[in-house]
Each structure stands twice: as structure tokens, then as C-alpha cells.
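Report on the following structure.
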Amino acid sequence: MEFASDNTGPVHPKVMEALSRANEGYAPGYGDDAIMAEVRTGLRDLFEAPDAAVHLVATGTAANSLLLATMANPWDTVFCSDMAHIHEDECNAPEFFMGGTKLTLVPTTAARMTPDALRATIAAEGSRGVHGPQRGPVSITQATEKGTVHSLEELRALTDVAHEFGLKTHLDGARFANACVRLGCTPAEMTWKSGIDAVSFGGTKNGLMGVEAAIMFAPDDGASWEFELRRKRGAHLFSKHRYLSAQMQAYLADDLWHEMATAANAASDRLLAGLRAHPDVAVLHDPACNLIFASFPRVAHKRLHDAGAHYYVWDGDVDAGDPDERLTGRFVCDWSKDHAEIDRFLEVLAG
Amino acid sequence: MEFASDNTGPVHPKVMEALSRANEGYAPGYGDDAIMAEVRTGLRDLFEAPDAAVHLVATGTAANSLLLATMANPWDTVFCSDMAHIHEDECNAPEFFMGGTKLTLVPTTAARMTPDALRATIAAEGSRGVHGPQRGPVSITQATEKGTVHSLEELRALTDVAHEFGLKTHLDGARFANACVRLGCTPAEMTWKSGIDAVSFGGTKNGLMGVEAAIMFAPDDGASWEFELRRKRGAHLFSKHRYLSAQMQAYLADDLWHEMATAANAASDRLLAGLRAHPDVAVLHDPACNLIFASFPRVAHKRLHDAGAHYYVWDGDVDAGDPDERLTGRFVCDWSKDHAEIDRFLEVLAG
Amino acid sequence: MEFASDNTGPVHPKVMEALSRANEGYAPGYGDDAIMAEVRTGLRDLFEAPDAAVHLVATGTAANSLLLATMANPWDTVFCSDMAHIHEDECNAPEFFMGGTKLTLVPTTAARMTPDALRATIAAEGSRGVHGPQRGPVSITQATEKGTVHSLEELRALTDVAHEFGLKTHLDGARFANACVRLGCTPAEMTWKSGIDAVSFGGTKNGLMGVEAAIMFAPDDGASWEFELRRKRGAHLFSKHRYLSAQMQAYLADDLWHEMATAANAASDRLLAGLRAHPDVAVLHDPACNLIFASFPRVAHKRLHDAGAHYYVWDGDVDAGDPDERLTGRFVCDWSKDHAEIDRFLEVLAG
Amino acid sequence: MEFASDNTGPVHPKVMEALSRANEGYAPGYGDDAIMAEVRTGLRDLFEAPDAAVHLVATGTAANSLLLATMANPWDTVFCSDMAHIHEDECNAPEFFMGGTKLTLVPTTAARMTPDALRATIAAEGSRGVHGPQRGPVSITQATEKGTVHSLEELRALTDVAHEFGLKTHLDGARFANACVRLGCTPAEMTWKSGIDAVSFGGTKNGLMGVEAAIMFAPDDGASWEFELRRKRGAHLFSKHRYLSAQMQAYLADDLWHEMATAANAASDRLLAGLRAHPDVAVLHDPACNLIFASFPRVAHKRLHDAGAHYYVWDGDVDAGDPDERLTGRFVCDWSKDHAEIDRFLEVLAG
């Protein structure tokens, strides 16, 4: 009963097959492989963005950090949610790649920035002339770190605020596919058609081994080359690049990305329905992708842990303390999640 | 007829099999996978270094940069050969990860620093008190960027010089296995028994998809944890780490690393013998691993290129110019190199 | 009628005389001048800290940034008030010098962190293992950016929290003297006797031309030399260092620092009494040094500005808008402030 | 008998007077003082460059590092002489401010790069695509670190090479005035009329307390503001800026910069003539400003040191060793050097 992360699950068999196919014969290194040419076209088609700059890296933190470094100056501040992965979970990687740029935190509701909060935060920064940090890009996470999803209208409202101030926008799409499936929209609609200038299009959490596409929809002159130099300087240019390309190739073929996210969301929906049906469980936020936060008494957590369930509890010790005290668990379903496992989890939870 | 790089060849089937095996079920992310525990032990055993700090990254530049950053201060200078990969081919990644540390170039003979040149270079630096850069670690490449190999005595002589000055030593082992096989020594003999404090133990050029082990033999207190923080901050900690571990697992099993390097060296030896037998060919340096530099007339290069041979020529245009002008080619054989392909190459060369 | 800043006033004549005296003959550069030896002893005596590491720089931002860089790792986060000068007014200099370290903002009351807020903020950070930033030093400003002063008990309570978590403490003392005079305590009492590990002992805002002392009370092995290397690498080591030393020499002689701060505080008290006596004026925070924030109707601001008064108003346009709307001004008195000028200001304010 | 450095001498009395005059009343901080407006115009007039961006900093290392950071990317390499101050004597400050940019050393004759050596060095770099550092600006020192001076033709030949490759040029003018006086040319002729894009116009070594002007002759859009942000972020923006302005004001008035450099050069010429007249003395390089390197037997050094002469000897111990062994001393004369002191030095040397 594994619900710890979408990083703990296996890679989709079609991805493994693509890797095997890619492993025949010789191929130029460093991104000049033929598969990458195909992937570049495939991503531009998927995003309906024929002029987009498209590069692959192996980690989400690399995609976020390199894109933001290409968009921000070292004396700027990036506006992001107070729960943003780039703030909480990347050990200062964005600050490192950007050269000391600051992150300014925007208050959130269910991990979503509101346009008013964003506007107020931007307005309060950047007014000190040379003394304070300058206003830099706005980074939005979709789906959010709490499992919620911005509607297209919400995204547009946020990017409108950014553009009012002349600021660029970045989308951290580590769970891009899950959100896109939920909204029933196209990748283009969830990005540049909603005012997004650059996206980290995640694959790793959604069934790949380790690939993210960093996409800039209308790169400034030189920005694509700058990204390449930053990627190399960050030690993120793979010599045997074909094995990154092959993963993305499989991801795009027959919309595997969509299929896997659909499966993950469906599993999560099943779990969510079960959790909501339980009288002792309170579901937090408003989960709309494959990430659920829910609180219930320690005694139930203990029962689940004893039965071998894996998931994170950050606000207390499951094994020691008042049995009635409520603790919050995070429950993640990936593309491979067996529904029977979910049902078993819910049975154990029911006691 | 592919001789462009050891990065253009395929991954060994046993590595692909290990990846498939690793792809079953759930596994903790971020280096906490069970395979990594096995790999850590395996590498400590291989290097006869039970207290070594062992971490995996996906690129050689990451291994070099992160190790050097852990060993050097931003106000130091690293001593390395004037042909070092960290100087010529990493787009300032070491400087970036170290925070602006300088590299001081040591003159070389056939890409090997001599102890005298190293001593003189170190002596000339670091004598300006607070004004100049401070003396930092010494980085040695084995095998070198020109295909030569330091003997154990040569390595020891260089590390002795470093230690005389109280400096630490790093070995860039992108082609570690090829050198080790050539010397017929153990990994321990080629590292800590020769005075090496840290090694980038390469796998990518030698049949893996993209894995290098960064090993510190006697890490200072806190250095292993510092490496982990630097790796995460550099966006080089893989969430689905098991797929790095699995590659290294296969590399260690039945000494696959040794087997592949033996094959690559044998192929290169065959090519070398053929080149040397040709009256118009001058072999440069003193090739001792899977990397050969050789010069011969343009007309022969053109014949080879027209026949589909791939390799690098940096000092002129193969297709245009005096047919008798000599140009230098670089010829690399990887583990998978078919001897028949070498023979065909030599036939075309012979004209 | 100048109340814009303590940076807009003149240098004390005794400081100018010291500069002239220092300008005789030859003196070794780069901090090896005889005056610096005297100043080092003088500062150690003043702070009752015979083992303190003592260095001079020319700007407060340099003192703060270099001390924090010596105390924090690039993967750490520094805890500071949400109004801290290092956060709001140094254009990412701390982040630059520290190599991308984050600042975590602690909520304040009248610009003072409370021990509870500090504890909660520290507790919430640093619990994500390698994924999040690590806990770094705590930086406290005394006097604060809003003119308030922590009591010795308040300082001790904050440093106790820091030390509970094993964290070091830094005091941004740009207005150290003003606070010290107000508390009627010794410099030692306001620093290491209250648990402060390092202080930026400001001179520039208090009558010097441009000198701050960076003092570490119990430096770790090598920390003093590290500071020197960081200072040089930051381009903050003055070749003609004697002119920094001479300013600090004058500052210490006959407790000029104390005399100037006493004068500045007295002027500010006079202004404060006048402001408080005015029925339309609301004094903000709880001013205890030479910095007052007060709000009153636009019409009065306009009258003052038309009469030539200089001070900052950040929340609106003095010249345009509803005459009754209240705007907040910041009023700073330096050591040289003429009481007659204050009285005139109050007369114009009274209308 | 002080010949250690032009940093050990006093500040010119006219500069001290200007500081005193500047010390009256209130003045806006951070570069908005009225004297700076005057100085900006004065420098633009002096350099015949009405559109130049002009900023003041307190150290030469800051001027060099901030200008180079504004001109170079972190993935570039700066071309400079192998004896350049930015390479040897700034403790990695340029690398720090540039974010890890490399310096590529160009071989020199008497500390002067030759156009051929520069061209060959540039040609050899930047040809590795994304793998190697990219070509960045060329930095030239005038007068050089060895006391030699480039003729205008030599400067032009070097900047022509840079511009052939599309690279910008920087002049480290720590001893700008000494060279300019020697060449009998105008500041414009020695800079933009010779193809220089930016200059660190030194004052500190030539009689000021600590001021250098950083001047960009035809700044790119936004480059002047970028410099200001970098200066603030580097902690080099002075709050009481008027005291930097006042020094430069005095420097420009009645061409004091020219007068002081003339005096320093004259003193150095007198010393040079005396050294050349001595049969045991070998003068190195081809001194053309206030910096002389000369070798003579230890016994003479010892005699001078015993008589109280101060100067640097880096290649041996003056007090111990073979009396006949030749050691090299560096002898610097500043604007204030008394000719009688020189004559006394020469007498002691004569023995």
C-alpha cells in the first residue's frame, strides 16, 4: 500500500521499450540525436507553439532553476506561492542558479495565489529604487503542491497581474499532466493561451524515469542559447542525451502522458471518495489531481502503518501519543496504482 | 564506422536488464533505494575503502564540480592540467559550483602534469597573502584527455607534491576503467593507495546510460552531508534514484566495468596497431587507453569521411584544401566496437 | 529642516581632524597600519572581548553581508525580521555574498521579532532533510528599522531561541550606538553578554564618513582569516586602510560614538515630544532612538514641504490628493541636528 | 625611504580640503549629491564623452570587477595578461562578481600583450560550442603591473583584435594618469579613441584617499542601471557618497590628477636614472611610469634595508643567503616623493 509519492512508482513499460529501441547503434551526443529532433517537433506540436525553445533535463529542479535563471537577474526577486516547491523543496537551487535572486512569497488559499494577493505583493516590492530587489518573474505551480488546480480563468487572472507589471511568467508543471487532464484542456490552453511564458513540463512524476522539458514559448533573442549554456554550466547536459529523448518520445506517443495522468487521477479520485465517505476523515484543501491531504485520528494512522501502508505524516509521530489526536497524511497515487490496493487501504482505514 | 566518442555508443545489455529489474514495484526515492545501499557497499569493497563517502550523479561534470566544490573554497585556485576537461569542456561548471574559484593551469607533456611542473606552479601561487587566490586542491585526469595514462609511480609523485603543500587531490576518472585495465592495477591502487583523496569514478563513457560515482576516501567531518546538500542544490539529486543505482549495480556485478574497458582498450589497440603500420600516419602522444590522436593527409581523411567514418577533426576542413596537408583526427573506441569495423576503417585508410 | 536620514548629515569635526592627522607620512596599506592596531585593541576593550576578531569595512551592507557569509552556508536560510535592512534595502547583497542563501522572514511587532515567532519560524524550517534549506544564523537589528529598541531581556530571549537550535546570532548594529545609549548599557551587555556572536558595529550613520566594524566575539578557527579573504574577494579591502582606521580611532576616543548618539537621541526626543503634543499627529511604533514614524494629514505635510522640510513619505503624494488624508513620514535626527531647526519644524507643523 | 607602494603615501592636501568643504551641511546620499553631478560632467568633459556612464567606487578591485561583470556573462572567459592585477591580486573578486567567469591568460612581453598573442589566444578559445567557455571581453592594464606603458598604437592594435572577434574592451587604469602623462596624450586618446569601451579610472594610487571612476563610453541600453544595481548588490554604494565625489572633484580641478602623476613619474625617473647608473643594477622591463623593478646583489639590498628603506623583494630573503646573489626589488614613487629621499636611497645603494 504505497502512497508516499509519485516518485516511488515504476516507469511505464512503453518508456522502457523506447529506451531499448533507442539503445541500438550509435547516436550523436549532447542533444544532437535524431530522437531529440523528433521530440522537439512533437512538443512544439503538442503545445501548438512552432517557435518554442525546447530543451530536456533530468530533474524538475533543474528545469525550474534553469528557466528562472534565464528569466531573472541576480538582483531581482521571483514571486511565488508560499508553498512553492521552488521555495520549500529545492534546497536553494533556484537561488544558486539565478546567482542570489530572492524569492518573494505570496500568500495562498489552498496553495493557490489569488490575483489580489499577487498584485499587492508585487506592488509592495520593487519600489525602493536601487536599494531593494527588482521585480522579477512570477512562478505559478500547476497542479499545486497541495493537489489543487487553478482553473484557466484563475491562471489568466494571475498572468494578467504579472503582465500588468511587465513581468514574465513561469509555470512549474511537475504535475502538469494531472492538472491538464483534470481541466480537460489542451497544453496550449493551460500555458501560453493563459499567458504563461515558460513551462517546466514534467515527466518524472508521471511515469518517466527522469525527464522534464523546459519550454519557452516566445524566447527573447539569444534566450534559447543562453539556456543551453546555463544547462551545460549546470552540469545538466547529458552526453548520452538520446536516453532522455527516448523517454519523452514515448511520453508523447499516443498521448501516453495523458493516459498516465488520467490513470493517476482516477486512482486518486477513488481514494478521495473513500476518504470522504469516512466519518472521521477530514480532507484538506480541494484536491483535484493525484495528491490528497487528509487528517484523521492517530489510531487509524497506526492501524494503516501497521498494515504496511506508506505515506507521509509530517505533523506528529504516528506511533506515540494520544490515539484520538488528529494527524495529517499526504496520499499520492501514480499512474500504476492498483485500485484493489486503494480498496484495501480504505478497508484498513475503516478498521 | 563510428569513432567520434565513447558517448555515442550504446549501453551494455546487462545495464538495460538491470534497469528493467529495478523497474518493479515501489522504491523510496532520493537515494534511499535498496539498490543504492548495495551499490554503496559494492563501491566501498571495490575500492577497499570501508569509510568512503559514496554518491551517484548522472554526469561527469556534476561529479567533478560537486567534488571540487566540497574540497575547495571560493577564494582558492584548483591546480589542473592545461588540457583538463574541467578547464576546457565544462563551460565554467566547476567555477559555478565552487562559487568563483579559479583554475591554475599546469603545463603538461602528453597531457600529463609532471611533478616538477606541478611543484613550480603551486609554489608560484598562493604566496601573495590575502591578495591572491589561495592554494586549493590538485585535480588529475586519469586516463588523460589525450589518451595517455599516468603510471602508479607518476600518480604518486603528483600526489606527493600536492600533499607537501598540504593540498587535497582529486582524480577525474571519466575513463578510470580504461586506465585501470591498462595498468593492471586495482581501483584502490590507482586512487587512495596512490594518494588520491577523491575520485569521479566514471561509468557513462564506459557503457552506462549516465552514472558517475563521486567518492571521497576519507571525508572530513560533515563532507559527505555537504556533498549531499550541494548535489540537491545543484539539482542533481534524482527522485527516481533507483535507476542510477541499478546502472552502477550492473557495472559492478561480475566486474562489468572491467570487462567493458578491456573490450574498449582491445579495440583501440587494434586500431592503433593498424594506424602505426600505415606509413603516412603519425600517432600523437602515447595512447594507452581507448582514445587515439593521429595525423595523416587530408586526402585520406576525405576518403574515410566519404566512406562514412565518423570522428573529430579540429584543425582543418576535411573537404577543402591541399590534399597533402596533414590533419589530426581523434579516434575513440567504446566497449561495443566491432573489430570488423576497425578493419574496414583501416582498409579505407589504406586506400 | 533636514530629517531625511542620518546619512545626509556631516561628519563630526573630530573625525575630520583624525583623518588629517592620519594623513602624515607613509603607512602600510591593507589593514597593516599602526592606527588599525590601536583600533583593534580599542574595540576589544570597548566590547570587553580580548579574543574578538575585528575588521573594518566602509559600508553597513558590507559588514552585514560579509559576517553573514562567514556564518552561513549557501544552502542555509538566515532568520531575520520581515522589516530587516538585509532583506529590504540591500538589493540581494547578503544573498550574493552568501552564495544564494535564503532569508526566512520572521513576523514582527514594531519591527521586533518575538521569541515565540522566532521559535515557530525556525521550527517550521529545516525539517525537510536535504530537500529544504538548512537552518542558518539569526540576524537581529538593534535599533530596529522602525526606531524601536530591544531591551536586553528581549535580546537575550531571542538569542536563547537561536542557541536552543544550535544557531549563531548576528546583530545588525547600523544604529548600535543609538540603542546602546537608550538602554544605558555597555556594548558588551548589548552583544555577547546577551548572546550575540557577531555584530556590525555601525559608524556611518552616527557621524563617520563611512566605517563599520565587523566583530566576531568568539570566532571559529579560521573564521577571522576567512573574513579577510571574503573582504578582499568582495573588493572591500582598502589599500589606504589608515583612513578607515582613523575614523574609528576618533569614534572610540573619548567615547565620541556615545556622545554623538546621545546628541542624536536627544534631538529625536525633542522632536518626538513635539509630535506627540500635536493633536493631529499619530506616532507609530514605539520610537526609542533617532528614527520616528508619524502620520498626520496631507495638508500639514504640504506645509512642511513648502517650508523646505526634507523627509520621506512613502505612502502617498504630498502635493496631490485629499488634504485630510493621513500620510506617514519618517523623521531622522543625526548627531548634528540643531534644536532650533526642530522647533521651527514643529512650528510649521502646528501651522 | 619609502618605495613600497603608491598606496602607502599620503592624500594630497587639496583632496583633504575638498573633503572639508564637502562636509558642510546636509547632502542627499547614495550618489544624488550635487558634487556628483558636477563630477559626472567633469569626467565626461575630461574624456570628451558626453554620453558616458560614470560611477564612483572606493577600490580599484570594485571598479574592475563591476565593469567586467557588466560586460561578461558567467559562462564567458575574459582575456587578460598573465600578469594582470585582476588575475593575480584580487583574490578571485572578478570571478566572484562575474558569477564564475573564467580568465584566460595571454602571454606577455614586459607585461604587455602583443596583438598576435592576443589573437592566437582568442582564436584558441570559444571554438568548442556549448562545451567550452564563450569568448568574453578583453581587459588591458595601462600602465601595466610591471611599470611599462602601451603606446597608443599598441593599444589600438589590441583593441582591433578584440573588435575583430566582436569582443568588448576594458582598461584597468589603476595607474591611468601615470601612463597618460608619459604618453603626453589625452584621456580620450588613451581610451575610446584607441578602441577602449570601458575604463577603471584610478585615483587611489595617485593621491586620493580611495576613489576610482568606472566609466563606460557607449553603454548598452540598461548597462548604466545594471552597473548601479551591481554596485549596490556588491555593497559598494556609499550612503555618504559626497565624500567620494569630493575626492574626484579635487582630482579633476586644475588637472590635479595630471599634476600628481607628473610628480610621481618625475620622481621615478630620477630613481631610474640613478639605478641605471649603478654598475651592479639591472633594470627589468622597460619602466615608463612610477614603478621600477631592478635586481642587484643581496648585500646592497641588506644595506638599504638596514638603512630603513621600504620596498618589496619577492624572490628571496634579504637578510639571509649569499651576499652576491641577485634579488629583485620593486620600487614605487608616489606624487609626494621627496627627491632628497631618492638621492639618499641612491647613496646608500652606492655603498
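A, B, C and D are the chain letters, set down in written order, and residue numbers restart from 1 in every chain.
To be clear about the criterion, contacts are C-beta pairs under 8 Å (C-beta built on N, C-alpha and C of every residue); 3 or more make two chains touch, one makes a residue touch a chain.
As the structure is a computational prediction, the values presented were derived from the model and not from experiment.
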### Query
Which chain has its C-alpha centre farthest away from the C-alpha centre of chain B?
C
#### Entry: Higher-contact pair (C-beta pairs counted), B-D versus A-D
B-D
### Query
How far is the middle of chain A from the middle of chain B, if each middle is the mean of its Cα atoms, in Å?
34
### Query
Which whole number of Å gives the spacing of the CA centres of chain A and chain D?
51
### Where chain B and chain D are represented by their mean Cα positions, the distance between them in whole Å
41
#### Entry: Sites on chain C at which at least two other chains make contact
30, 74-75, 90-92, 96, 99-100, 130-131, 134, 229, 232-233, 237
### Task
Write out the stretch or stretches of chain C touching chain D in their complex.
2, 4-5, 7-11, 16, 19-20, 23-30, 57-62, 65-66, 90-93, 96-97, 204-205, 209-210, 229, 232-240, 243, 310
#### Entry: Complex interface listing, chain B residues touching chain C
30, 73-75, 99-100, 130-131, 134, 226, 228-230, 232-233, 237
## Note on the structure
Interface with chain D, chain B side, in the complex: residues 74-77, 88-92, 95-96, 98-103, 127-128, 130-134, 314
